[in-house]
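See the structures that follow.
In what comes next, subunit A is part of two complexes: it sits with subunit B in the first one and with subunit C in the second one.
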Partner chain A sequence: MSSQEEQQLQEAKQLPTISSNLADNLMQITSLFEGFPDLVIREFTIQSTRKAAALVYLGGLTDKNSVNNNVLEPLLFQLNINPTVSISHFISENTWDALTAAILGGNSVLFVNGHTEASILDTQGWPQRSIEDPQIEASLKGAHQGFVETGSQNIALIRRYIPTVDLKIKEITVGARGNTTVSLMYLGDIAQPKILEELEKRIRKIDVDAIINAGELGEFIEDNPFSPFPQFISTERPDSAASQLLQGRFVMIVDGSPNVLIGPTTFVSFFQSIDDYSTRWLIASFIRVTRYFAFFIALFLPAIYIALISYNYVVIPIKLIISIGESRERVPFPPFAEAILMEITLEMLREAGIRLPAPIGQTVGIVGGIVIGQAAVQAGIVSNIMVIVVASTAIASFILPNYDMGAAVRFLRFPMMIIASIFGIVGIAVGLMTLIIHLITLKSLDTPYGSPLAPVRFVDWKDTFIRAPLWIMKKRPVSSVPVQLQRQGPTQPEENT
Partner chain B sequence: MKHWFKLCMIVLLLGLLPGCYDKMYLEDATLILALGFDMEEDQFIVYSSSPVFNKDAKKKTEEFYDDKPVSVRHSKNNFDTMSSGIPSAGKIQTILIGKKLLEQENWFSMLDTLFRNAESTVNANVAVVNGPVSEIIYYQSDGKPPLTMLLPKLISSSAKKNATLDTTLQEFHRQMYDQAMTPALPLLRKNKDIVAEGAALLSEQGKYVTNLNLQETTLLRILQRDLSGIGSYTANVTDLPTGQPNPIVKNKLSVDIVKISARIRTSYKQGRFGFDIHYKMITRVTERTFPFNLTLHKQQLQKQLDSLLQRDLMALIHKIQKNRIDPIGLGILAQAYQYQAWKKAKDHWGDALSEADIRLSVKTEMLDSGVMQ
Partner chain C sequence: MQNTPSIQITWLQFVLLIHGTQVGVGFLTLPRELAQVAGSDGWISILFGWALSVTANLFIIHAMKRHPNATLFDLFSLFFGKWIGKPASVVLLLYLIGCSLAVLFSIVSILRIWLMPKTPNFMFILLLSIPTYMIVHHGIKMIGRYAELIFYFSLWIILLLAFPVNHSRWLYLLPFIKEGWMPVISATKLTILSYLGFEITFILYPFLMLKKKATSAVIVANTLTMFFYILTTLVCFSYFSSLEILQYTWPTLSLLKVIRVQFLDRWDVIFLAMYMVVISVTWIVYMSLAVFGMRQVLPKSKPSITTVAILLITLALSIFLALSQSQVTQMTRTLSYIGFMIAYVLPLCLWCYVKLLEGIRRNQGGNSS
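This part shows the complex of A and B:
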């Protein structure tokens, strides 16, 4: 490259806006996109004006059909530019920043010789997954559409449930390199403006390279990063996102992530599943009570086992004590070691099952089950009762409808086991108290996490331990601090006549 | 900084908790499930029986005895030297007391350690053994569950049928210390197998006084107004116009007493306590070995049953009065309704009751006469 050319390049680089010379612009583009083999520069002459023009786009991110049929064809064979290009979205820009961003976003840019503005043509079309059943949050009666990796599609999926102009979206770009679009979705007349302000402030504060997944966003904006408990519901279900929006909550959609974040949340909202509302209320209530029961089993059963066997065996009924004694007699480890051994094996089995493809994953389950259930007991490594304890704990921890909450419970089990092995039942009581204290100090977006239990909000109890009939729940939950509470019946108080 | 402070506080507070000094794994413990006290040849003996946690062991229990105990507490330490595990009194199911020991003065103070230690249970059943305790403690039968499981089952199931009593250690303690009543304990005996024989009645000081047979025990429960479930009662019916008497089984009438309600009036006249007891009972005929037209003469049979029950209950009351004890707990009523008089008599309540004027009437109602008729 000659020094003159270099100088020219240097000059071009310094300019923030495009020049009217097509050749200069193209040189600038090629220098900006150095190392982009998929950058396409299609030069041609516009039929109507006889002007030289160039269309610039990234091959992998654009829809070829759209470029060929809607852009090139009219430009090459028809008379005027503006009305002829049959593209829905059409912006003119003159800054290099905007144009670069547009090309990187999958748009095509049309440079025309003599014009000081280039046209951004919406020809986006990157590789996409079709909309499928939600994988982690399968449901029996809910919709079979899950979120995908494209933010705009996810927004569309939610919009289908709430087609109202009150459904507002605030777009915030996060990440210096990733430029990820975070769409903050809320119902304008229901959601609390203070929370919106706080949430927006927190998201704008994030200063990182890129945010790839919704979970990363959550970690940057949650109130208590040291807590094991999730402070945002992360869901892949458009229907539950829509239902949370209607309760006055905020939905954060991260472009590129098939999960959306919902906040502010409460502890009890992790025990609600979308199926609850489409099952008969009595049955749904029964299932919900089972979930709370399962929460305690998953958290405390191994700890209780350890405490009872090591300290407080007097409270076990006499017949059980003898059968436990008989099965413990052969085990060489103390109860704590026995329990830790089994629980860790179980966690490993679970993790192994996730990573392996489905058919092999099942095999791991079966092999693991046989090893734990039969061989370990026969070999005298663990006792029968321990196997029952571990199995029921595992089942209980999978009953929780939210993965993050289930994971928190599985993790907290271990400190509980340790404290039980040192202090017995007293330790469990202290552990439970610590847990409760922690839960009621937690906040999610400055709203109390323990609501409606602490602070007590009896109005919300209709949807806490039981799921009351839908026609009774006339108000939105107070815990999400909505501006407008009424969700059924007259919005205005009836006039006395 | 704030977090570190919190963490330090938590660790400090945890340090205050009772630590692991009393840690004992279940399989290392020798659970004393039955404890026996007896006198043999003027020697106080403590027995214990514990389950063996071993699937392959043929004998599921192990027994220890201490024939030169310094004290009951001390013999627990002695058991420690004999057993593979550490003896633990937390799960005692049955406490057996030999009849011979009950004839000693002031034997009750030996049980002191059981009430004093938080670790030991007060829910154990107390039973009196008619004969040597060792016979029962060392009893073993192939066809039956181990003794430690058999005894509580035997006592509780027969107590449910009101054939014997179901007295826990705590209840026994109360009966001993309550001046208004005297203790009553279930009575066991080993014939070929272990059988419940009814109840043993003790004096205020805890000495053995007399025993009741199965039928009398049921009647005692009726007098205590503490019938648990259904009490069965069988009597000879003599003065009824019977057709052909059954030669093998005499004219027997059995009824189940389903429900009782009692009204007791307490009085104190001329230095004597008076108790007017009216019972109303709902019964169900379960056996009648003589021909009788129940539909026509139901009233007649009811009257007959009334007088039979009244006769037997009165007989039991006389027996109690004669022995100067009060397992019924009439003293509690006297204390409640005639406190001034009771206050004077409380130190010798047994004597006062023996002179009391007790009147009793029974009115039964037959609910049905069985399925067939």
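This part shows the complex of A and C:
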């Protein structure tokens, strides 16, 4: 069997182009597509030319209506009309490679007896999900359309926001087996060509079987794979992607993935949400400041608790330390063990809540949060204060609008706790220092990740800690290294009436 | 041998690098040292010290101007040839490493005394090596960014000084010049050493983006440092009487002990931990310049390997020489004198040398034509 297959393969290799004999071609097709029960070979005679022909397609990947109405019907029944088929996209090919790829991609191929070229007809139509509200990045005031799994639809969703010829797309095929199309989208006159070059180089360098999701692409092309921080924004919202494009960044759309990647990014861009720009600026600024505060809480609060209780208790006022002491009276563990226990329980609860169906997930939340929390305190395993610390940490870590950044924070909390349990408050200071240094030296597509904080770019601070009123933000962010900075025209002189 | 550095730092980074290197551990002890020599008039010496340091710094700039792309390492070989240049470079290198170690050991010893008496020295060094390694081998550009960010980060620390001001008696500062000018002038010697750190201009100057602004940059940097010193010293002097202050080794820290808010006692503990982050700029700058210098002396050395080597030496020293507080002070003092030679005497000599060379060249030119 295997030798037979090999022989067939060799035959296929021997014949790179199709022959003029229809029967030969069909034999070749059947041998190439052995083990494809959904391969349809429809043989018929073309009415207008009286020639034998065959239409070949994969049943599951083609739009049946299109095939029947636009291809078969005209070919079979219409007379003397040229060109006969009413399909928008139409290519002639003669190599087997191209034809096989076309069939696998959902196109139909029309072989006509006596012709050395076959026509590829665009009849793609595979099972699709309808465009829905984004799941992870819920929107309050933004659009409710989220990306879907089809790359071309995602491109269309973004195009709707920026209908200009400057919106360029570069298609790169990635993966030896997957042949996944990665579409690189950017504004030709704004985005930095150097970054484009670098990005393209990195994507072309990828040599794997297949890329299934955008996250995989990100991991292959990011600057520092050892960093816990995300180096590309992964979004499922077209409005967010369009907004980033307008700021001069690049959007990478992986066909088959409902998330797109955006780069180059900076640390602060993970604290910005597209909703910020449609909320009143004072309120948006307030929320943004809260996010930074939450970032520090989520990162350092358990560590600070451990450091203060185990080493630097002199810092806590007498009254407070008495009440903490009372709460910790029955707890047999050192604060570090207590904290680790609760934090890991919390992380497990969170993961369990995500993986379970929504109704059970809620039950897990209630059982975990309330029952275990309360029971653990009553049993004297953890102190009340620890429960408060862990709960506020958890809430703080969920405020961050970006999931990847939230995950990074949740992860980094543990090293901070360990260092605090060994070195107390000095450990936290060193942890902070290490974090700052890591963020300074990190790069995203060779642009500094710490910008606009380090290197300091004061012009960008308008959209960093606060969200300044839109009419003040006349320039694009410098940190995305755009070629063209001006984003709003000079203010029109007001007409006096 | 002049190599144009491809990396450049901005004016602000240049200023804050110098300022960050200047403000070191001395900041914590300076008020007491000044009070010992000059009583409550010590703060005037800071002004004198400022004038001297700015002058010396301007001399450095002037000496560097002729060869804008050469660091001191290049200048040594340029002026004195290979045979004197190399050993001079090695001395400078050792000085840089020594300064870095001195700062590192000082902060560790203070941390041990104030916060964690039971933790051994080498544990702290091991801990601090991690962030130090992470940034030092990246070179001067990253150090510039770090200095800049840490400066903003440290601004809130100054606000802490507002708390003791409530309890201060400004009458302690009176009368002015109670014992004549002599004590003030002799205390200036102390302050001069506190301004040390500007000698890094010798190496940083070629990296500055706009060389024309170097003069303003060094003036701003030194003034910033002076502002920090004067502020702390004045607050200390007005809070403690001139006798009381002598009892405290680190008056700046003792000062903060009084701050009490409802949710936090003992701000000095938090201050010290945060101040360690601020001081990290000093040792990181010195160390990265040493790593940079290593490439000038041994062109084939790799920054990351040099950094690891320096850190390993530090670790070994901390394990085998259990340095006591007084030994660290002694080490700092010795280095200060070398620093004094490099920062104040060397620029003058270089300047004279450059003038002399020019004079000779002009004469020769005159003869030949």
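Some points to look at:
The criterion applied here is as follows: the second predicted complex is superposed on the first by the 472 of 497 C-alpha atoms of A that agree within 3 Å, B and C clash if a C-alpha of one lies under 4 Å from a C-alpha of the other, contacts with A are read in each partner's own complex, and residues count from 1 in each chain.
By our rule, a contact is a pair of C-beta atoms (placed from the backbone, for glycine too) under 8 Å apart; a residue touches a chain by one contact, two chains touch by 3 or more.
Not measured: the values here are computed from a predicted model.
After superposition on subunit A, the partners subunit B and subunit C collide with one another.
With both structures placed on the common chain, the touch criterion links A:Ile418 to neither subunit B nor subunit C. In the superposed model, A:Ile172 lies in contact with neither subunit B nor subunit C. Residue contacts after overlaying the shared chain place A:Ala101 against neither subunit B nor subunit C.
In the overlay built on the shared chain, the residue A:Leu453 is in contact with subunit C alone; subunit B does not reach it. When the shared chain is aligned, subunit B and subunit C each come close enough to touch A:Val426.
Touch criterion met: A:Val314 reaches subunit B and subunit C at once.
Contacts of A:Thr434 after superposition: both subunit B and subunit C are touched. Residues 311, 314, 318, 419, 423-424, 426-427, 430, 434 of subunit A contact both subunit B in one complex and subunit C in the other. Every residue of subunit A that touches subunit C in the complex is listed here, in rising order: 311-312, 314-318, 320, 419, 423-430, 432-434, 436-438, 440-441, 448, 450, 453-456. Taken in their complex, subunit A has these residues touching subunit B: 226, 308-311, 313-314, 318-319, 321-322, 324-326, 328-331, 334-335, 419, 422-424, 426-427, 430, 434. Against subunit A, in their complex, subunit C makes its touches with residues 10, 12-13, 111, 115-116, 119, 123-124, 127-128, 130-131, 134-135, 138, 142, 144-146, 148-150, 152-153, 260, 262-266, 269-270, 273-274, 276-277, 280. Taken together, the subunit B residues at the contact with subunit A in this complex read 3, 10, 14, 17-20, 22-27, 29, 31, 33, 51, 53-55, 88, 90-91, 93, 119, 121, 149, 152.
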